[in-house]
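The first chain written gets the first letter, and so on, giving A, B, C and D; residue counts start at 1 in each chain.
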Amino acid sequence: MHLEELAEKAAEFKAEDAHVEHEVRVCMAASCQSSGAAQVMDALDKAKGDGQPACKVKGVGCMGLCSAGPLVAVADKEADLAGSVLYRDVAPEDAADILGSVGGSPVERLRCPTDQPFFARQRKIVLENSGIIDPNSFKGYVAAGGYASLVQALSEMTPADVLREITASGLRGRGGGGYPTGLKWSTVAKMPGEQKYVICNADEGDPGAFMDRAVLESDPHRVLEGMAIAAYAVGASKAYIYVRAEYPLAVERLQNAIRKAKRAGFLGNKIADTQFSFEVEIRLGAGAFVCGEETALMASIEGLRGQPRPRPPYPAESGLWGCPTLINNVESFANIAPIVREGGDWFASIGTEKSKGTKVFALAGKIANTGLIEVPMGTTLRDIIEVIGGGIPDGKTFKAVQTGGPSGGCIPEAHLDMPVDYDSLKTLGTMMGSGGMIVMDETSSMVDVARYFMEFCMTESCGKCVPCRTGTYQMHGILDKLTKSQASRDDLALLEDLCEVVQATSLCGLGQTAPNPVLSTLRYFRQEYEEKLQGETGA
Amino acid sequence: MPLPVTPPNIRVVTLKIDDQDLSAREDETIIEVCRENAIPIPSLCYLDGLSVWGGCRLCMVEIAGQGRLAAACSTRVTEGMEVRTSTERLQRYRRTIVEMLFAERNHVCSVCVSNGHCELQTMGQSCGVDHVRVPYRQTPYPVDSSHEMFRLDHNRCILCTRCVRVCDEIEGAHTWDVMGRGSDCRVITDLALPWGESETCTSCGKCVQVCPTGALVKQGTSAGEMVKDQHFLPILARRRHAR
Amino acid sequence: MTLQHARPPMPTDDKRWKLVNATMRRNGYADHALIETLHSVQNAFGYLEETSLRFVAASLDLPLSKVFGVATFYHIFMLKPKGRHACVVCTGTACYIKGAGALLEGIEERYGVNSGETTEDDKLSVLTARCVGACGLAPAVVLDGDVVGKLGSDTLVAKLEELD
Amino acid sequence: MSTPMKTTVATTWLDGCSGCHMSFLDMDERLVDLAQRVDIVYSPLVDTKTLPDQVDVGILEGSISSDEDLEKAKAFRKHCKLLISLGDCAVNGNVPAIRNHFKLDDVMDRAYRENVSLQPQIPTRSVPTLLETVRPIHAEVKVDVFVPGCPPHADAIWYVLSELIAGRTPDPSKVTRFGA
């Protein structure tokens, strides 16, 4: 198949909806569904009946502002979110009013302005289709230009060409570590061996992070397309998506997408009439955070206890069943199709010097606009929290923002003007992580937050290595004493010692980063620890 | 007896360990080279003849030019590598790790059948653990005496998985494994039922011999009487490997 | 010398074993299908009973201890039956910051059960999850599979009371 | 009367078997030598019944299991310049701490009711109240030197005391260990 044929197909699919002028898009991602989006969709379908042929009620993916769900957008067919009329907190009873407004004046009482910074300040690459196309529709994805990058790669590029574009793009792993994607792909491509694997890490585990979930629920084909391009570039023919069992909707949509892509010939044997064959299988996680670590994840795919093993050898040399294996996370793969389409240089023109492109963040906690955003790398924390996030609700003041989940740290007010990228966050003692941002206000105790994360690491420690297994237990014990004002100054010193040992000696990333929330809160909020010391009153 | 043949394509590299100039095959790990050259490297999970586990983290060493410490058991030597095995920092970390092991379960050395012959006890002494700074976890564990020849005392287990590996890799029975996660981990036989009821145990006793502490012992031994003998392991491992 | 491995017969004539068998067949009875198979046992029977573990071990030719090790490593797998209703309280960061602890306390106060426990009348199992990804609705619980968000402990207990 | 040149030493046993003190006596003829250099100002081994205000070296055997043990440990800490934890019970709880795996009430019942045939009753007077958990000395007061062992060998005690008297910091790990 050539690009022209695919373009014809896309035009054909578009033509099926030629009579449609307006779309009523209902967010059917997990968060809005929990607020009753399915009932809203039903009501809209019923109210519409066979009337209004030029109007189509369509389930779409995440529109970002999860706290205002269920969200419904009324748009001209080709319009994006900014160009649509958005309604918030929609109830089934509002169906008739919304349908009545199509092509006329908006329902003001439900309106959620789309010119507010939350929408206007975003730049969407990963989420470009999210909230616009129907994630269950293969045709919708193709009509929106989907699979063109795969076909382009297969028909017009050599694997080396693809590697060159990915390397030129400067894309770095979105799972948190920030390892250059081009370098990783090239390493796997260079490895000898008939059998290689591609793995998509969709075991999004950081508490407070739901970016990957939204991508999988909103635009599953894009992830498959990225994986297929990766497989072509590195010489793999088999892939696994390791996804959390706690994300049933994402799993369902992925299964549906795989089935349809296979039927259409974008997965399976001889894709797009080339010699390239590619199979994708879903593997369900079973409730183990440590399986986000790549070697533990591979153990889990192999049907074993999800325990990490020492690296090297890295998965690129010896991964799944000892074969060279490429592991990237959902968001990394979701960036691939646009990079191939627009070119590596285009991608590299977005973001900062060392962190290219955009990043999807999940805003949660004590912030007005809870939800999902995508901004260029280098956007300041202040912009994200105060402008896009709408600041702190209930008249409270900002205290800290936590990034990087249990491996990250808390950033105080003083550093809010830091542009967000991999390296700047590292200098602040935290990390990008997968993109969760939890905002805390003056009522949150930082010692308590540190204890919370340590408890998380303690229960998620796999138990293999001694420093992580016993160290997280001991650190948690001291933090617990601190929150109860029962700890002494010696305990605090011991806590700092343990942080150092666990960080330096643990086997995998979970243990090595488990002390980060403690260290960063000690760095910026030591006062709060001091105030908690037994028998001592705060300074 | 024919001399062992070095496999083709395996190069010899030169490296420095604690200022000693050494040469080694490039497929060797740091701990192997150290043991060949009588440079002490502490470890409780590594055992010559079993697969590498990398769990105790006592063999961490410093490598010049590398920010992170490396585990000697799972790091191969490279040309020009400079290794330090016993800096002040490493000693401090090892001491803390051993302390946390003592605090995790109930190692009452004075009344242990392995007293005087226990690798953890010896490790504690050599790391300068004269007391434990962290609080003891104080969780009681059961003792399984159901096997007619052997006994399992979870109170003295350090989860090194030597028993699991020897049973799987050398004996081939895979009677042992680990259940649970984190601090709740426990070694188990079959479906975590009493050892004496195991359908797969061949009573070969290899697990008992490789256990570094008094967790796996012979029935009928009393305090200080359990002496382990691991000389069979490299021999069996070699012969199994040769096949 | 190859020793043939004989697959065990189904433990009972319960039709649900066929579902389990189907999963294993789909994966070619490969040992790496263990976790998939345990998922399908739990979906079919609600939990992993000793009989199931033995059956799966024998079918996939895996050591019993390995199967048990895997089943107890992953928190999703239950070795005991659950109550008629399951309330999973999300303890992710966003929910924690917004009061997941109070929800658990509310349940404990009313029903006397903590996370991981089931009420004596088998009505309700209380569980926790590390993050259900519904941070926009914090604090959230998953009640019998449905996410319910923005809860206070009073409203949650009221909802639980409505269950039969 | 002690000459001012001599190091003053106080010892006592808390929850232990007094075996460490026996090991102390096992220094045999070296005790004569020791007596030239130290004055034992308070100890179950001597007659003095009150702990002087200022002592150079305090030696505690046994773990802290009762309110009386705790008081003694605190008094030693207060009056001794340097405090030694002698033996495994003092250093890590050892055998007395095995009772931590049971509820205190069950321990009391076992000792005073279940195993008693004549007038089983829990004593309420003239016995110290047991603490909920048995703890090593350093869990309650700061300890300067730890001498593990069950009991530590007389040679180990001799080594530690000689080093201290000579003004050096001993390294007990060279000569003793847990359980040794």
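Quick note on the criterion: contacts are C-beta pairs under 8 Å (C-beta built on N, C-alpha and C of every residue); 3 or more make two chains touch, one makes a residue touch a chain.
Nothing here was measured: the structure is a model prediction, and the numbers come from that model.
**Q** State the pair with the higher C-beta contact count; candidates are A-C and B-C.
**A** A-C
**Q** In whole angstrom, what separates the CA-based centres of chain A and chain D?
**A** Chain centroid spacing, chain A to chain D, equals 59 Å.
**Q** Round to the nearest whole Å and give the separation of the Cα centres of chain C and chain D.
**A** Chain C and chain D have C-alpha centres separated by 52 Å.
**Q** For chain A versus chain C, what separation do you get between their C-alpha means, in angstrom?
**A** The mean C-alpha positions of chain A and chain C differ by 25 Å.
**Q** Distance from the CA centroid of chain B to that of chain C, rounded to the nearest Å?
**A** So the centroids are 35 Å from each other.
**Q** Check each residue of chain C and list the ones that touch at least two other chains.
**A** Touching at least two other chains: 66, 69, 73, 75.
**Q** Where in chain A do residues touch two or more other chains at once?
**A** In chain A, residues 288, 305, 460, 462 touch at least two other chains, as defined above.
**Q** If a residue has to touch 2 or more other chains to count, which residues of chain D qualify?
**A** Chain D, residues with two or more chain partners: not present.
**Q** So which chains end up touching which?
**A** A-B, A-C, B-C, B-D
**Q** List the residues on chain A that touch chain B in their complex, please.
**A** The contact residues of chain A facing chain B are 288, 305, 309-310, 312, 458-467, 469-474, 477, 494, 497-498, 500-501, 504-507.
**Q** For the complex, which residues does chain D have touching chain B?
**A** Chain D reaches chain B through residues 85, 88, 91-95, 97-98, 100-101, 133, 136, 138-139, 143, 146-148, 150, 171-173, 176-180.
**Q** Which residues, counting only chain B, touch chain D once they are in their complex?
**A** Residues in contact with chain D: 102, 106-112, 115-116, 118, 121-122, 124-126, 128-133, 135-136, 138-140.
**Q** Which chain B residues qualify as touching chain C in the complex?
**A** 168, 173-181, 188-192, 199-200
**Q** For chain B, which residues are in contact with chain A within the complex?
**A** 52-58, 60, 68-69, 71, 73-76, 92-93, 96-97, 100-101, 103-104, 133-135, 137, 158-159, 178, 180-185
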